[in-house]
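Before I ask anything, here is the structure I am working with.
For reference, chains read A, B, C, D, E and F in written order, and residue numbers begin at 1 within each chain.
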Amino acid sequence: MRILVSNCNTTEAMTAAICEQAAAAARPGTQIVPLTPSWGPESCESWYDSFLSAAAVLESVRAVAEPFDALVMAGFGEHGRQGARELLDVPVVDITEAAAHLACLLGDRYAVVTSLARTAPIIEESLRATGTWERCGGVYATGIPVLGLEDDVSETSAQFAVQARRAVAGGADVVVLGCAGLSGLHRELVATLDVPVVDGVAAAVGLAETLHGLGLSTSKVAGYAAPPAKRRVVPGGPPSSGGVA
Amino acid sequence: MRILVSNCNTTEAMTAAICEQAAAAARPGTQIVPLTPSWGPESCESWYDSFLSAAAVLESVRAVAEPFDALVMAGFGEHGRQGARELLDVPVVDITEAAAHLACLLGDRYAVVTSLARTAPIIEESLRATGTWERCGGVYATGIPVLGLEDDVSETSAQFAVQARRAVAGGADVVVLGCAGLSGLHRELVATLDVPVVDGVAAAVGLAETLHGLGLSTSKVAGYAAPPAKRRVVPGGPPSSGGVA
Amino acid sequence: MRILVSNCNTTEAMTAAICEQAAAAARPGTQIVPLTPSWGPESCESWYDSFLSAAAVLESVRAVAEPFDALVMAGFGEHGRQGARELLDVPVVDITEAAAHLACLLGDRYAVVTSLARTAPIIEESLRATGTWERCGGVYATGIPVLGLEDDVSETSAQFAVQARRAVAGGADVVVLGCAGLSGLHRELVATLDVPVVDGVAAAVGLAETLHGLGLSTSKVAGYAAPPAKRRVVPGGPPSSGGVA
Amino acid sequence: MRILVSNCNTTEAMTAAICEQAAAAARPGTQIVPLTPSWGPESCESWYDSFLSAAAVLESVRAVAEPFDALVMAGFGEHGRQGARELLDVPVVDITEAAAHLACLLGDRYAVVTSLARTAPIIEESLRATGTWERCGGVYATGIPVLGLEDDVSETSAQFAVQARRAVAGGADVVVLGCAGLSGLHRELVATLDVPVVDGVAAAVGLAETLHGLGLSTSKVAGYAAPPAKRRVVPGGPPSSGGVA
Amino acid sequence: MRILVSNCNTTEAMTAAICEQAAAAARPGTQIVPLTPSWGPESCESWYDSFLSAAAVLESVRAVAEPFDALVMAGFGEHGRQGARELLDVPVVDITEAAAHLACLLGDRYAVVTSLARTAPIIEESLRATGTWERCGGVYATGIPVLGLEDDVSETSAQFAVQARRAVAGGADVVVLGCAGLSGLHRELVATLDVPVVDGVAAAVGLAETLHGLGLSTSKVAGYAAPPAKRRVVPGGPPSSGGVA
Amino acid sequence: MRILVSNCNTTEAMTAAICEQAAAAARPGTQIVPLTPSWGPESCESWYDSFLSAAAVLESVRAVAEPFDALVMAGFGEHGRQGARELLDVPVVDITEAAAHLACLLGDRYAVVTSLARTAPIIEESLRATGTWERCGGVYATGIPVLGLEDDVSETSAQFAVQARRAVAGGADVVVLGCAGLSGLHRELVATLDVPVVDGVAAAVGLAETLHGLGLSTSKVAGYAAPPAKRRVVPGGPPSSGGVA
């Protein structure tokens, strides 16, 4: 099967790193198709970034010409997944929800460790929408900006471990990595911590493969039916006057 | 004071109708400044529309050169208000939250009557974010598309009244009009129903005036601080490399 | 318009201070009509005080002969507002709910800073009834009794600032002043803290003006219809055998 | 032991009927001491009635000279119990909470059947405060006023049975009688329905006896400590300048 | 009346201690009938223990030949009570729910102090099922294994007091003893702490007596009807092919 | 990998059918190892059955000599999964939670359609423990006993379709099949309904494969650590005096 994996920001290096993670998690025979949005922020660290990213990713997904069997949306805590569910007939799995759902199978309460504290309310809203917020023991922030997470992976890992231990002391028994494309960090944390560490990209790939394998996709009888045909002026292109599906 | 009132879609006639409503509700001395986003959907009736609209409105607000004292966001149930709170130092009031908060002062349980059923989950998410969802007795849909609401105001009003009465029979005692720019419909419903009918545009103008009058605006110590400076490629313009505030 | 502003206790000096706050917040043309209940406690600091106050305030409101256009109930966390909504046809705004609803427009999570710790559960119940409790980051107490709050405004302000900073450290980004009639304290806190500080009296006046301006008042179709006519023996007067409205 | 049983209204015949119910439920050796408040409404059917009643009952309890070992408050859904917990050192049991707690031991979901629909939100608030609201399958109303419940017990019983069956059809498996002093009605319903029917007065007497027998009473370390000493002008008497306990 | 009191584990000495507690709490005329399950764990300290215990206790209850009027299930936080409600026509009271419901009558928020931290999620699930979890201020653990609780009652008591004080500092005003059969510990804690300390065994006996006295028992119209007749292979006996009631 | 798939009841034919479903869903290379508990009920349709089943399944799992890489527990709504998480080091996936988590990726609100109405509260409790209850639109029952579900698959399918359509009319957009081992029924429903139909056995196999593939298993730092070593008398065997892991 072919899984389209969309980065939430315009940084190509992050798309590459995310798709490397995705490929490492995928089964033999699964092909990972990378997608970097053609506009939007270089990283998502605010509500403004997240809304900009949602529109840019949705437009970029619409513009993909080649067929694919599932979409994995790789922006931790970012907006947009419900829109993709409307636009597509294939399964859509966001890494935030993927990580949360798998984490619920591994322990009693999961915690998220992420970059900047200001993104915690955005992540919380995304987790609330999954329905698993009551299983969440909190969102912990290291204070490291997204684009600085790979500057010194050892230092980043040390800071993530500090927050993960705070979370465990506070009652969590599973840690979710609150960012994407950081397989080095994930490896170091797995080696450091004695609790399961869930990477959303790998989780989403596994869930997309499972849904595809079971022939399951988004329900189209209610809120996720294709959007009504209408005139939409979309950035960087002529107005679309037809339907969108 | 000057209140910037942003429509969520590109339909100029709706912007005009919304601003007429806003002006009718405003105190003497308040000036209404209309804003139609330069791109996006002609009406919002899906998650996809709503995310597209959020980005378009935020970019359009950023491009406003003239000063203003508050922003009223006139898209019922649409995304974006948290982003505007980050971008601006003046108060931001979304018509969904405005209607919900005022409705809580008028009865025990409010209900929303809106256009298409498919938008109910979007409106629900927006109301949940206000914190008043437990005061909401449900979102009722007439099945009339947004751009058809004014085709026959009497018929539209009759359909809204049917749903409003269902809501009251189900326990609601206040009705919120789940769309913007329909002062004729509002007037007819007020005349028809024996419960308070809250129009979000008027509510938001009143709240914006009150916040401005009390010298209150968005907290900047946490999640609504100005977004970090970074490179963002924004539709229809050169990349922005500076901060956004 | 004329706003009746009821103090929750019998201390005339507090009524005067509250009405001064109200007048400072009111628009030109709004007249503030003070009301001190003729019986009840000199301050409200317990469930017992709060229930005594509710009855006394409701009886005092019923006894007001002159017409008024709205009622503002100025007892932070005190009981009674639903009763006033039954008794009156004009809008009723309690300062607790007013502060909570406005605070929700200014940040992600508000906290209340108040006098004695023992009143926290009473305030919590009042906030739960508004529907905004999930937006509340807690009720913090300074330990200063109500009638001692003005003994040394600088010291009181220092203690409130200590609690407000604890609240912000705990995740709140908006502070609600959990008492009424303390404009000096409010001014000092606004100057001291870098988060919005919401005063319930001012908030309630603004909301009452807005509701009145929009022609909105309490729904009468359900729980807030006028109480049934019956015999009620009311303190300090002959039994009432007629209806109450 | 001696249990003080307070009616919530001034109707002596109801006090007598309530105390008859209480006595029938009490163990040998328990003495029931009736208390009718000296002022307040003749029945409670509104928020206004309930607040008036709360103050009147608390003042009447304070005026009781003879010793007692527990207080049972017999007003279904009415306010005041937290105030009584502050004023007294002996256990306080309200019939609303008593019925709800016992009902939770008898089935999966209980429903309340009561007099007027307008009291449902008041009862709901009282049940929410018990913490058992999520076990409640709803409040159903017969539309019969409190003082008319005994006009024709067979007809009243038939109406209560209709509502009880609606509740069971809606998922409840236990019925709580949402009023006090109606032992005839209770007997008829027990004979008619095939689900447990809980009478709050009997439940409260049983719980008061149990608490007393186990040497348990209200915690005084926090919100239920005796109210602070202060000047309170109480209806029908000279101002009280001392403490209240 | 005769109350069957079932221990959750196979330790006879604990059954004896529990029944001593039960007898001390019972009214004159109530007879306590002890039941030790014939198989299962010697103490319950894990989900595995709790599920093993639930089956063992239910089978042991089914095997009781002599008549009884109520069942008290004495395993704090353990599973099984819903099964017993199906199997029996007499009232069933679990000590966890009994303690929680009585605690709600004594303060604003109760806390549980128990043995091992690992049992906290099991206790939490049991309390959630009562519907009173929102009144619970947390489950605190001393780290002492169940079978070690009586090794040194003074030391155990000291450790429980430490945790109880933490709970009170965290906002609880009532303490629930999260284990059974420890009357010595209960006495020491009552003497040490200034908050009510609720023992579940005594609470359950009181509630069982009250339900029996009022003629109330489990509703049989829905989820607690007798289990369908079917073939069940039960441990240590021949298959049961008939119904179970 | 080898997945142990445990039936919750003693009916061998159901074990075979469940394992057929599991094998059909599994990836190439996954081996399904069937497990029928040696005691317990022949079907689970009550709390009593469920508790009996939980103990029997856990003992049967402990007795499995051959190695396996994951456990799938195939009893819809039945107890026991937390115990298995303690006993094993490999991933444990219950079909109830598996179906619920996957369903959350496919729509806005899922509904369960099951056999007897009396099992709805048991299923509800199991779903609440997953954390996804707020995404559940209800549990609908056909009234067909478990062992009668295959008597006439067309009729069973028709009844399930009736309930599924009621659920969709009530707002659900995804249907979860609330029983195991019915691949014929699943096929018919998929062909009949226009919403996704999730089979828990297939879902659990997919999730078990994903967890295993990602090297993730149950957290052992808190509530799911191996149960303490102690004496446990287990049915049909000599007492176990050692640890259990």
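The rule is simple: contacts are C-beta pairs under 8 Å (C-beta built on N, C-alpha and C of every residue); 3 or more make two chains touch, one makes a residue touch a chain.
Quick caveat, the model's predicted, so the values are computed rather than measured.
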* To do: Identify the chains adjacent to both chain B and chain C in the sense defined at the top.
  => none
* Compare the CA centroid of chain D with every other chain's and tell me the farthest one. => A
* What is the distance, in whole Å, between the centres of chain A and chain B, each centre taken as the mean of its C-alpha atoms? -> 29
* Asked: For chain A and chain C, what's the span in angstrom between their mean Cα positions?
  -> 45
* Can you list the residues of chain E that touch 2 or more other chains? -> 108, 121, 222-224
* Asked: Taking chains as nodes and touches as edges, what kind of graph is this: line, ring, star, complete or other?
  -> ring
* Structure fact -> Within their complex, chain A touches chain B through residues 10, 38-43, 45-52, 54-56, 58-59, 79-80, 82-83, 85-87, 116-118, 120-122, 125, 128-129, 145, 147, 222-225, 227-228, 230-236, 244
* Structure fact -> Note: in the complex, chain B contacts chain C through residues 25, 27, 91-93, 97-98, 101-102, 104-108, 130-135, 168, 171, 173-174, 190, 194-196, 198-199, 202-203, 206-207, 209-211, 213-224
